[in-house]
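Shared between the two complexes below is chain A, which has chain B as its partner in the first and chain C in the second.
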Partner chain A sequence: MLSHRNIGFYLLLAPLALWLILLIVIPHINLAMLSLQERVGVRQYETSFANYRTFIDEPLYIMTFARTAVMSILATTLTLLIGFPVAYYIAKMAVGRAKSVLFLLCLVPFWVSELVRTFGWMILLRETGVVSSFLQWAGLASGPVELLYNDASIMVGLVYTSMLFMVVPLVSTLDSLDNSVIEAGYDLGGSTPSILREIVIPHAMPGIVSGCIVVFMLSLGNYLTPIMLGGKDSLWFTELIYSQFIVRFNWELGAAFGFLLLFLSSVIVWAALRLSGQTLERTMG
Partner chain B sequence: MIAPDLQCHNLTKHYGDTTAVDNVSFDVPAGSFFSILGPSGCGKTTIMRMIAGFQEPSSGDIQIKGKSVLNVAPNKRPVNMVFQHLALFPMMNVADNIGYGLRRRKMAKPLINRKVEEALERIGLPGVGRRQVSELSGGQKQRIAIARCMVLEPDVLLLDEPLGALDLKLREQMKVELKTLQAAFDTTFLYITHDQSEALVMSDAIAVMNAGHFEQVGSAQDLYHNPQTAFVAGFVGESNKWLGSVTQRDGHYIDIDTPSMTVRAMASGDTWNKGAKAQVFVRPEAIQISREVSALRDYDNILTGKIEQILFNGAASRLLVRSEKGSDIIEVNMPQAGTTSNWSQGDIAHLGWSKDQGVAFIESAK
Partner chain C sequence: MLSVFSHIRGVGERPDKTTRTLTLKGQKMKHLSILKATAATTVVMLGTIQIAQADTLRLLTWGGYAPDEVVAAFETETGHTVEVTLSNNEEMIAKLRATGGGGFDLAQPSQDRIAGPQAEFGIYKPMDLSQLKSDQFITSMLDATKTNTTVDADVYGVPHVWGTSGLVLDTAMASSVKDYTDLCSADVAGKVSYRLKRPTLIGFAFSMGLDPFAAYGDEAAYTEIMSQVEAKLVECKSNVKTYWGGGDELMNLVRSGEVVASMAWDTGGWKLNAEKPDVTFVAPASGALGWIDTFVLPAKGRADSAAYDWINFVMQPEIAAMITNTAGNFTASTGADEFVNAELKANYQASFSAAAVDNIKWYPPVPAGLEVIEGGVLDRVKAAK
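This part shows the complex of A and B:
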């Protein structure tokens, strides 16, 4: 009887276990081993931390990582600032059909692949693009304006691609806040800002935290948007990893960068949770 | 003369074509417990939300202590509300919940702490300030929700069916407790409910509401013994109801022909005409039941039937009697003492009541 149940249990566990082992554990062990190898001659390797030392010794790498992290944090903040009012409107102010229609409208852009969506931005922002043409037509610019290939266009792209991942958790947490709790706040003399600060935001905190973590990780690990909207010199950390693997064929250094990205982003998320006094358990529970 | 704590003048609220509240006026004197009793959907919640400021009346005026509050935002009105599901702030502990309104008034922290402690003592829950809301029982939450409003010393406390979520036993207990709290805080309470026993037990005055307007305003005894409309007679307390047509009138009394019998009862109002439709209401406790028809000789109305069912409920036990003619079901209080109490199903029973115990409402001819 017990063994029967065990077979069922293992069968159910198998897909998850396979997924974890094949796609996460094995590649990461392999990458970890790779990252600890130093090429001393042709096809000659020694175990050392040389690849990690390269990261520390070369200011360009550290600066690129710092830049990527700062830009991602900024993108997360902007996404939260734009997403929160949107989510609040959908969850608390829209009623009936309007609610589902608005929610669907947030979702619609994500039916198209990220590549196509990013091309959409390029059509708008490039020198001969829609915005540039409009500015010239309106007499606000004397010649073609190049709006692509700068940090602002990267930021626009990152916020746009991340918006859904912020709005969805926010809508679901705000939805669970009883309207009468907000009304009670007003009834007891609260003003709109104080109700937002003491009632709405504390209630929405799990949604804010999970949305921010997802958006931050997506931005940090994004490759397509920074390259397409920021150009080849956008200095995004994932671009460094790509070039080590594909252009330089230096898998050892690429693997080390990959691990550094994983480690440093985890540190940032941990630090942010500590600073805001939140825990991962509370966010997930 | 001091102005009543709360006055509503010709209060009306339309939602599109439907009228939720239709020209309602009432005064609530200071320190009284006033209830609005009505079935769900009668507009009582709308009245309360208009007083709290969450909805704007279509027309009419609301005055608190003689001053109109129509243009005052909900967070500036001197009224506070206990919500149907209490709406305690789950993200705060008990003390922060109670202190919320005081913090909004920028009161000094030590003073807030003292007031919160006082309030907790007053509701009989000293020392729970540090607990989370989720750790409290239903009755405790109830009292916290009241304390949260009472620390602000509102002119009027609004209560929106706050006992609805509690189980029966606790509800009975809270009824008494609410009445005690109201006396202790000496504040005007406006209580809305669909549960007549809540309204009857606690209130100094009750307004019975139906389809957007007040049917009758009065004390509990008044509503019970002298209902002014058929709706009040049927809604407040239990009643046996007969439908029939008027045959004759004799002073205050009126005869109504119903399928099971001709009922003689007090007429409500003076106008009548032969053949008009009328409703007669008789309380179950007003009806005497006997095995011998001779024992009921003194009563004006006598009816014979069979015991259909016995609803045992302690002191509130009832007998359901099916009349011989017309097969109406009549509810009668089970006699508590004597040999007559051994009724069983199928027994022949004679029912009798005096003409003063019934009240008849004649439907006005249109």
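This part shows the complex of A and C:
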């Protein structure tokens, strides 16, 4: 009987295991070995930590990573601040059909590809774009206004791109909060801020944490949005990895950067969980 | 330099795959069964199969280099099937490197990007020049390409399409711009765009009076030149609206008037000229940068004979002219000029005087390792405030 269950268990596990091993584990082992090679001459390679040393020695790369991380954290915070009221409204205030319609509206932008969505923002924000033309028409600006190609436009793009991934987990956790608990809070003399602080946010914490992790990782690993909206100052860590692999033929350094991104982003997520007193088990469970 | 081409046809950043479905498997099968049945005539039949064999040619090329009508004509004439994958220089090399030279039967990187990657990664195989009709090629261009793509006495590439990069200007707004360094002048502040890639480094070096090509073999001298270019580009950064990445992006910037002076390739300028008469391609005072795209055989290609058939087919003057009419650039085919449409010829003559043609700086082969020096410079320019 036990062995039967084992076979079924392994069969069910097989697709996931294959996926993980073939597409995640093996390529990463390959990349790890690649990142430890140093080119010393034509077709001559030596095992060394030279690529990792390059990252430490060249302030540019550390600065770029720091910039990417800070921008991603900011994007995550903004997404949470904008997404929470939206999710609360959908989960608690909207009823019946309105609820599904609102939820659907959050989903609609994701029916087109990221490229198209980002291009939409370019059409809006560029010097000859919709917003600039409107401002001139309304007399609020005397000449064309360039809103594209700066950090703020990258931020707008990142928040827009990741909004859904914050709203969905928040809606599902807030949905599970019994309305009577909130009513009881008011009955017992709680004010709106205190109820939010004592009841709603603690209950929604798993949703907040998982939403934040997903949004942070998506922003950190985003490639299109920073490149297209950021213009000449857009330097993003994924762009460095891409150019090492494709433009510079320097797979060794690119692989090292890839690992550093994986490692450093894991450290940031771990630190954030520790700082906020959350654990991954509680978030998932 | 060249990746712009993948965008001319509105393909966007990602290479797009066009597959034609004209399989002649049935024909092959029939031959096989005959082979089995009549063992006595095996030798004769083998000969027949060699001639009648219909291969699939997997072609890795640029947008516009394999127009549909050319592919269709080739398939009808030879019976081969062509699968076209569009790409650019860096991606072609990256793709072939990832598979050790497999996955494609014919590729078209620029002539300066063959010897280096071949020495470093071994992704190509030597070309059998006896399979080619060399009288179809412009002799000087064929010889130059053969010299530049020779590694250990083997020739790896033959020329196909050539063109230049230089300045695309709105002549009404940016008449003061004569050379790359003029892009940094106050007249055009905030209305300039160029790519952050190696052609920009090379172009600026020439227009600053330096000779990067002469320093290709000397890493220290090259680093010195690049550091001067880096200082110039950092200083120039405030003038730049944005660094363009794809051809479509640049076209939009110039079309909308947001950019009046940019570094770009010749056909882009001519294309815009048709829409906006003030905009055109101008060969810079220090010389336009000339590139030649080639044919090379990937190391693990499986259909060499089909590849040679394709080369011989597209180098015919009439076919080469069809490619010029779609890609916008001229080819290394002898006698193709007379079949090219008049408008393209007029554009070409307006942009290039005889002196400007003589002044074209042709890219010599890039030695392995230079990309790393350039990469550091480009990263630092991008990060500079």
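Here is the rule we use: the second predicted complex is superposed on the first by the 272 of 285 C-alpha atoms of A that agree within 3 Å, B and C clash if a C-alpha of one lies under 4 Å from a C-alpha of the other, contacts with A are read in each partner's own complex, and residues count from 1 in each chain.
The definition used in the following text is that a residue touches a chain if its C-beta (ideal position, glycine included) is under 8 Å from a C-beta of that chain, and two chains touch if they have at least 3 such contacts.
On a predicted model such as this, the values are computed, not experimentally measured, just so you know.
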| item | value |
| --- | --- |
| Joint occupancy of chain A by chain B and chain C, clash or fit | fit |
| Which of chain B and chain C A:Glu198 touches, first, second, both or neither | first |
| Which superposed partner A:Leu240 touches (first chain B, second chain C, both, neither) | second |
| First (chain B), second (chain C), both or neither touched by A:Glu127 | second |
| Partner chain(s) touched by A:Thr64 [first = chain B, second = chain C, both, neither] | second |
| Contacts of A:Lys232 with chain B and chain C, given as first, second, both or neither | second |
| Which superposed partner A:Asp187 touches (first chain B, second chain C, both, neither) | first |
| Chain B versus chain C, judged by how many residues of chain A each one touches | C |
| Partner chain(s) touched by A:Val42 [first = chain B, second = chain C, both, neither] | second |
| Centroid geometry (CA): angle chain B/chain A/chain C, rounded to a multiple of 10 degrees | 150 |
| Touched partner set for A:Arg248, first chain B, second chain C, both or neither | second |
| Overlay on shared chain A, then closest C-alpha pair between chain B and chain C (Å) | 47 |
| Residues of chain B that touch chain A when the two form their complex | 52-54, 73-76, 79-81, 83-85, 87-92, 100-101, 104-105, 148-149, 152 |
| Residues of chain C that touch chain A when the two form their complex | 12, 90-91, 93-94, 97, 117, 119-122, 197, 237, 240-243, 245, 256-258, 368-369, 371-372, 374-376, 378-380, 382-383, 385 |
| Footprint of chain C on chain A - complex, ascending | 39, 42-43, 58, 60-61, 63-64, 115, 126-128, 146, 148-149, 227, 231-235, 240, 243-251 |
| Contact footprint of chain B on chain A as seen in their complex | 178, 180-181, 183-191, 194, 198-199, 202-203 |
